[in-house]
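All chains are identified by letter, namely A, B, C, D and E, in their written order; residue positions are counted from 1 within each chain.
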């Protein structure tokens, strides 16, 4: 579904990614240490930064020069790292915003509220006042509303309580089963590999290892990532 | 009695004009965070548009009703141009927009001085605005009433637009977090342009109202810009309700001060009043709370 | 000297975020504060450090902290980190640390130029492995390095109390281990309170745990006690948490620090 | 590099001092030397703005207020010195019998005047800054508020014609602390004082910038709340910078009066305050020399280009604002650094959307 | 120090170069900023006069080469540019200015360098300088005739409305003195800053005070706001007329029909039937940058350049002292569009006819009153006993 081929990117003069190619698969996990360039890779996939070379192809279409909102319209969804929400909008407005203009918008919102009880409880509260984990749940809910073909998740379980982590993990597995593609950055290597069809390990902006997912890969990856 | 009523009515009209001038700012400054010092010149563009409309269709009864939408569009287009040419590169450093737009305002003023007769141009009041309405024994000029009605109309339209269309949410989302808005599927560039168009267009409408009250010339914008910003700030940034109350309060305060002292001192006192108020309530009348540290 | 929080309450226009929480923390232990999202953990820290208004009491030794302005509380020796790292991006690592060390200096010395590196800064750099990044602008450190820099800033501040809000979020496995070990070393003579959702991390490094739920203390005790508590499992750990309970006992004992 | 840099700057100040104090008086005509003196006055105020805005993040749009304190203190003294024991001429008409307004009386004393030039801005900026910073007024609020203050003061002066000379201002000074102002030698002396004060101000900020306070100020600018959690009161940090910058504006204003020979409310109102900001932005708000050189350049532009090409100058000034802020947010002084590539530095301010927006909105 | 020391240091020798085929003159007006609104026309008409004089052979056979400077609506800039014109460009004389504030900024500089400044706008009087020639009206040529006119109309009560700066404030101080003498009661006095248009609150006070007449010393665009607020409040030219001293043919069009029927006191109107006026109007209308109408300040600016020509030619030199000498020793006259004006060599003002006009629908002035002869300039109101002599003495003393 999503192909990232030989992409190079960075910020200002700093190169962060050096010719990264991400393997194709239904669920792809991107692993790596802090600062390896995982987030940068996902920002590139969704279009927040443009590669200085290389291509991004989605669903057979070259989207390299498209703006993020155009990519969303084509069926991508993105959960950024760091519990981001529109802090001055209420929880409900955060969701409505994405549902606006979609068929059955209200039902889509309600479905997500049902999935995350905390959001339902604080629907009328400004998102900026939510706790960190509540905000992260909101971010995931926002992405799911669009019923995407491809879900890009940047450390989705960071800061979330274990019960809900489990739920999110289940959701991801379930979505994958339903045929939705996932590009996942996760520090919970065990879970990530369990869910992933393919994985890639980044180090200093270069691919150091790729392979098939599954629990069996855990030890090889841990070894590869050990400092 | 009269001494108390007259300034109240006069001040309400002054407040309405101030509100019209501030309304566009409450969008571009309050919602988008852009400190547009050329807003006063967009107002001037609206006033000159009213003059040009009267040159084309005559100064008849319809001239002002026609001028209002035309001024909205013309000033809006200037705003759009500013957004596309300059502002779009500056959303990540909002304080700097203040300085850039100072430059724009200098250029627009000088251009107007050279294009139009330097002494200014007349905008004729249509006859249906002649005369007064008797309110509580005081003859209230129709032109003042017109300003108030116009302000109420604009506020209502703006509030409805922000509240009843998805657009309001999109503006607020875009301002708060551009990247997140983009990745939530919002075409932030369209939102930016449309918002700036509307905010500048409102300045154009204010300009038509101002052309009926004072001179239409290259300098006219300068007298509105700072009071308008003060009003938006005092109302609480992004708070339409607050802007309305603040504009009315400043207008009325100006009128009472002018009644008690001189026109010049009234200006000084009104400024001091707002400054002291902002000192006491730095977030304005209505505030938005966040937990964010930065 | 200990940190003793008694009946702490925080209300936001009617909503009770923290409704009478009591706990204490002592030097020599790594005290964990866990609980579901929105339980009030961050709010507790906010209240203790003066960021939000709370009622009740939070004492450091004999000194009441509540009601004092933020910078005074810091000057009393209470330091914290934030859920999202916040360092001074434009300043170098050294400058960041130097500012953090500043609270012991006299105001007049502020006007002088820094000459050399304080011994406390040298130590903190070594502790956190940032010695090689002395002149790097903090803005281009990686996420994990920023978190370490924050901890280093608390160290040079010579904080007696370290309140750390999700210090290992987003770190990889071995970075977590390194951070945990650092915290254990640091805790030897300081009060360390850690908020975390990473249960593996908690199991390895917690000496005592307080579980918050809906603004109240749900359970308190050693890791194993808390994990075994069905209430905690229900609202927080869930089946997944329970399932790994067994695995938790596999955590090597030596990593636990004696009280 | 970083060890060497402050000393390089000090050398720069030395060169600047030689140019201003030794070379300029030799090569410039009386008129241009006088103009240069005027630019020095603006530069003094600009150095203060650089400190408050460039390093401290406080966009001070109302420095005219403090410029006015110095300028009017000086102008009242010089007016009284010229009037001798008479009431200044402009006051007579509006009320021939009334005595000198009481607040003028102390300005007969040279000592009091000098004290006022220093203390008035310190006290007013101290009170104002204390009130604003304790309340957390910052960003656009702070900018608009200070600008409003400048407008209010200018309007107040304009409307008190008998007490202050109104819109016409105070002018026609014959003496400067006993020296006859028409004497060219004395004009040179006045110029030298202004130039020396500029050098002094540069030395002060040079030391401030390399001191711990300088780092703390930058930290406060970038993350005010965070500084609090290191045990500092950011309000106090900003207050110090604000007061120093106010003092510099006042000194600039005080020297403006004997050099230019007239002070009017227009020199302290909104436009004048923004004009100063323009120079600072052009030169480079956070650099040591940028603000001073920028203010001098804009002053020179107005004197020379504004002469030959008045309409064009207005357009040019407008364009200057736009182009510099748009393409060179760190001012012209950042140009050299742009060309010395490969330096490791934080990339362009990428993230501050949220942070800076709060700044604007709070 | 003492006074002789203050003025004693002789001005640097003039650097004017009168040896070539051209002579340099300085033109100084605000071409940018708020006052450009009014001053641009004065600047343009000076150019026209210079072209005319050059076409006629120049001054003393030398073509005028003018240096245009922008005062930028900033009084210190006026001072700086004056100094520049005198010491850098070495012009023989400077022409321009508009507000009294700009003139007061220029005055010490021309005095210091012993230069010449020709000032073309009506003003508040009480000033006289050997280095300034005033070709606009002083108070006894504009304000006092206006007051006499009001008296002749039986006006009993008067309201004063003005901009908040030196000219209106001073003019009103004089008006109040004269009104007391005439038995006219001042029922109110209001000022609004020059750059503010909103007069609503002040007009409300006028409505309450019910004056017979309003004396208007407002300058610039603020007049538009005043007239509009006035009409809004239901006041009319029929019942509460306004007499202005700063609304001319240039300003009236910007006010639309609302200014029709009101009065103005000037020396010159476009509608005057004098021998030279038609030619003046015609040349102006043919001139590029022309606004199409002529007005009093323009005409006074036009006079100033011709007056200078006569002075220099009488003196046979561009030297300032020689020119001043010539002014004293000769009767300098000029057939101005307002009539033949005569220079008073002592006070450097000119004689002028007094006129009151009423604004008609074409924004022209219908003359309703004219002085029976030209009025001699009397800047210090020495011939008017109601003006307190101690004030006059203090003012002249202060002026040195």
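Observations, loosely collected:
Methods note: a residue touches a chain if its C-beta (ideal position, glycine included) is under 8 Å from a C-beta of that chain, and two chains touch if they have at least 3 such contacts.
Predicted, not measured: the structure shown is a model, and the values here were computed from it.
Common neighbours of chain A and chain D, listed by label, are B, C.
The chain with its Cα centroid farthest from the Cα centroid of chain C is E. Centre-to-centre, using mean CA coordinates, chain C is 45 Å away from chain D. The geometric centre of chain A is 28 Å away from that of chain C, both derived from CA atoms. With centres defined as mean CA coordinates, chain E is found 75 Å away from chain A.
Centroids built from CA atoms put chain C at 48 Å from chain B.
Shared contact sites, meaning residues of chain A that touch two or more other chains, fall at 14, 129. With touch defined as above, residues shared between interfaces to two or more other chains in chain C number as follows: 84, 86, 140.
Counting partner chains per residue, chain D has residues 155, 158-159, 223, 226, 311, 314, 347, 350 touching two or more of them. Put simply, chain A touches chain C in their complex at residues 14, 32-35, 81-83, 118, 122, 129-134, 136-137, 155, 158-166, 187, 189, 222, 225-227.
On chain B, the positions that touch chain E within their shared complex are 2, 6-7, 10-11, 13-14, 17, 110, 113, 117-125, 130-132, 139, 141-144, 210, 212-220, 222-223, 254-255, 258-259, 262-264, 266-267. Every residue of chain A that touches chain B in the complex is listed here, in rising order: 46-48, 67-70, 72-73, 78, 80, 84-89, 93-94, 96-98, 100-101, 126, 128-129, 142, 146. Against chain A, in their complex, chain C makes its touches with residues 12, 35-39, 41-43, 83-84, 140-145, 166, 169-175, 197, 199, 235-241. For chain D in complex with chain B, the residues that touch the partner chain are 59, 131-132, 135-137, 139-141, 143-145, 147-149, 151-152, 155-156, 158-159, 223, 225-226, 270, 274, 277-278, 281, 311, 314-315, 317-322, 325-326, 329, 349-350, 352-362.
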